[in-house]
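Mind looking over this structure? Questions follow.
As written, the chains take the letters A, B, C and D, and residue 1 is the first residue of each chain.
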Amino acid sequence: MADPMKIRATLKGDSADVRILMRHPMETGTRKTASGVVPLHFIQSVSVQHNGKNVLDAQWSQAVSRDPFLGLRVKGAKAGDKISVTWTDNKGDKRTDQVAVAAKN
Amino acid sequence: MNTNYIKWIIFVISSAFLVAGCASFPDHATTQQLSEKMVYDAFSYAPAHKKRLDQDRSQKICSKIGGPANLSQLEAAEVVKLARASIKYPTSGKLYGNWKTGAKLAYSGRGDRIRNGKVEKAKGGNGALCQNCHALEPGQINVGNMGPALTGYGKQRGNSAAIVKYTYDKIYNSWAILPCSNMPRLGANSHLTPEQITHMVAYLLDPKSPINK
Amino acid sequence: MRQLRRQFLKLTGSAGVMTAAVTVGLLKSATAFAATWNKTGFESKAVADVQKSLGATSMTESADIAITAPDIAENGAIVPVAVTSKIPNTESISIIAEKNPFPLAASFNISGGGEGYVSTRIKMGTTSNVHAIVKAGGKFYTAVKEVKVTVGGCG
Amino acid sequence: MELKRGLSLTAGAMLLLTMSLSAAAQNDLSVGRKMLVEDNPGELWIDQGKDLFYKKRGPKNVSLEKCDFGMGPGKLEGAAASLPRYFDDTDRVEDLESRLITCMTNLQGMDRAKIIKSAISRPRSKGSEIEALALFVTSKSNGMKVNVTLSHQKEYDAYKAGEYLFYRRSGQTDFGCVQCHGEDKKRVRLQDLINMTSTPGAQEVASTWPAYRGAHYVVRTMQWRLNDCVWQMRLPDLKYGTDYAIALTTFLNHRGNDAVMQVPGFKR
């Protein structure tokens, strides 16, 4: 099963600053090890929702780094709003995590 | 008075004394004895590799706490004398090798590292480690700055016999020129062979070498 | 889910019914609106082909796009790249590493309250130009920045 | 004499060149470093360590909640920031990693040799138990000041031994620690070297480990850092949790006092 993401969503002015760390090998399909080439395995899409509404849909290639990071900003967010993130990889694995926007600290 | 109470007071006072009064920095001899034991306990090594932990006379002198600034004149002179005596020249007598071979070695940091008891073998022998610490050819950014930049080394000095010998000696045993310098004694410690050092000399001095472009 | 949606579309074949389905919660909006993965673009080896796949055949260089990335990356496997677009109505941002075997690294479609800003990390095999392509108001804009990559070496 | 003057002149010219080069490199690199530290994949290891810490494990089927890191059993806040320190039960100065192993063997009944064998994980792996646990325990000191005190005689001994070992040169590179870590603004190739003889340098060491190592994609501990150093120095294999490593860590961390803990660090 996929590991949980680490999502931070903090209010900066009238926007939420959203920072997402995911755990994924992001294999390029060309890396060789003693036991042969490691098959292509990468996150293809990430979607971010603000209170259930899409704000960002990312399409990725295998060129995104291992243990990927995604940062974005959402206008008009308020403390307590829900930010939900879903990724899907090329093998069909999926993971969804959700946080509430925190007030500026 | 209750004797238990008195005993307790004595205990408190004495233990406080033990902590606050007695504990202190050990003297150098004690530290040295403790630390040397720590070294040999800390590593797992084949008998042939014990020499990597042992210190020779010069290494002992050059391990002054606080660094070489604390060297006495006598100690510095001894290190230089030992270093001069260590320098061996190739049997051919030729100190100027092939700059192209040297150019490859300059960028290699490989060879003779130990992991899980296995000694790393590098193609073409141990690397000369130069890139780790010195700027080399112009425009190369992936270089260290522990030692002075060597860019244009030969251009500034020419390649007279005196410069060739000076350069060979410096690489073979840098402590012959600057006692306790940070630069490894590459020849004296058998990290590089005399022949490899002649290639490094050519790399540094040859007008065709990229370092002098 | 994607499979399901395709079947669903085939069955209904009407956008009107689709909207109704979303409102009654038959489909999650995330799936319904997710863009399909740009296979042509991600498998293109030439930057021109990537641009074509994005629909960006003509572009304007724009000072309103800022690429934040190191001039020199210590580790080509983790090169941080952020793109900020101040162009109004920014709809999408794509990141292209020119000299990668497959130059298109990532595309981001922005909707709702999403701002014209994305930050991520990409792999770069060698020193290369990094391009950002921004779509805004149906037009394409671009900016470029060079990132020097030095391989970490003996560590 | 003639030669010497010539050399010092060129050395001056070289110095200028080196300075401008390194100044440029510093600015060019800093942007990337800042971006990587701010959002550190190492954070993904913290929860992994937390799970391992509270899970009942080992032959004795207990968690590590009773483990005493020096502030009392189970008290983690600020504990890592005060290590290494002397422990009565083992009559030894221990750092975080050796203390974790003490608890895993004594409380949970695990096999010491087995823990050590897998303590340093392979690159691109999920990481080792020790790596995740060390990060979780240290993260409980985040925002607090490093406070390694010397009071027991063995703590004084360890500090002085660490200092001695920092300067001790041996092997075919003639390296001690100070050869690479004795001056400001030095680099090996493009990698910055911390000047550990300075207070800010020692503070950086004391407050940023364990760290995410970008080139390995795993969280690394101080013990790994030392292992990699002695490997480059061409010394033999350093065993895990030795008094040598603990002495060096005591020397560095005590001098790093008052730094604010912030882990995981990010190393290229």
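Criterion: a residue touches a chain if its C-beta (ideal position, glycine included) is under 8 Å from a C-beta of that chain, and two chains touch if they have at least 3 such contacts.
Fair warning: this is a prediction, and the values are worked out from it, not measured in the lab.
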| item | value |
| --- | --- |
| Core chain by centroid distance, with centroids computed from Cα atoms only | D |
| Interface with more contacting C-beta pairs, comparing B-C to C-D | C-D |
| Most distant chain from chain A, judged by the mean position of its C-alpha atoms | B |
| For chain A paired with chain B, centre-to-centre distance based on mean C-alpha positions, whole Å | 47 |
| Between chain D and chain C, distance of the C-alpha-averaged centres to the nearest whole Å | 39 |
| Whole-Å gap separating chain A and chain D, where each centre is the average of the chain's CA atoms | 30 |
| Contacts with two or more other chains, residues of chain C listed in rising order | 72, 77-80, 82, 119, 121, 148, 150, 153-154 |
| Where chain A touches two or more other chains at once, by residue number | 66, 69, 71 |
| For chain B, residues contacting two or more additional chains | 109, 131, 141-142 |
| Every chain pair in contact, whichever chains are involved | A-C, A-D, B-C, B-D, C-D |
| Touching residues on chain C, where the partner in the complex is chain B | 72, 148, 150-151, 153-154 |
| Chain C to chain D touching residues, read off their complex | 68-75, 77-80, 82, 119, 121, 148, 150, 152-155 |
| Complex interface listing, chain D residues touching chain A | 38-41, 43-44, 47-48, 124, 217 |
| Chain D residues touching chain C - in the complex, by the definition given at the top | 25, 27-33, 35-36, 39, 189-191, 214-215, 228, 232, 268 |
| Chain A residues within the chain D interface of the complex | 3-4, 6, 19, 21, 23, 25, 66-67, 69, 71 |
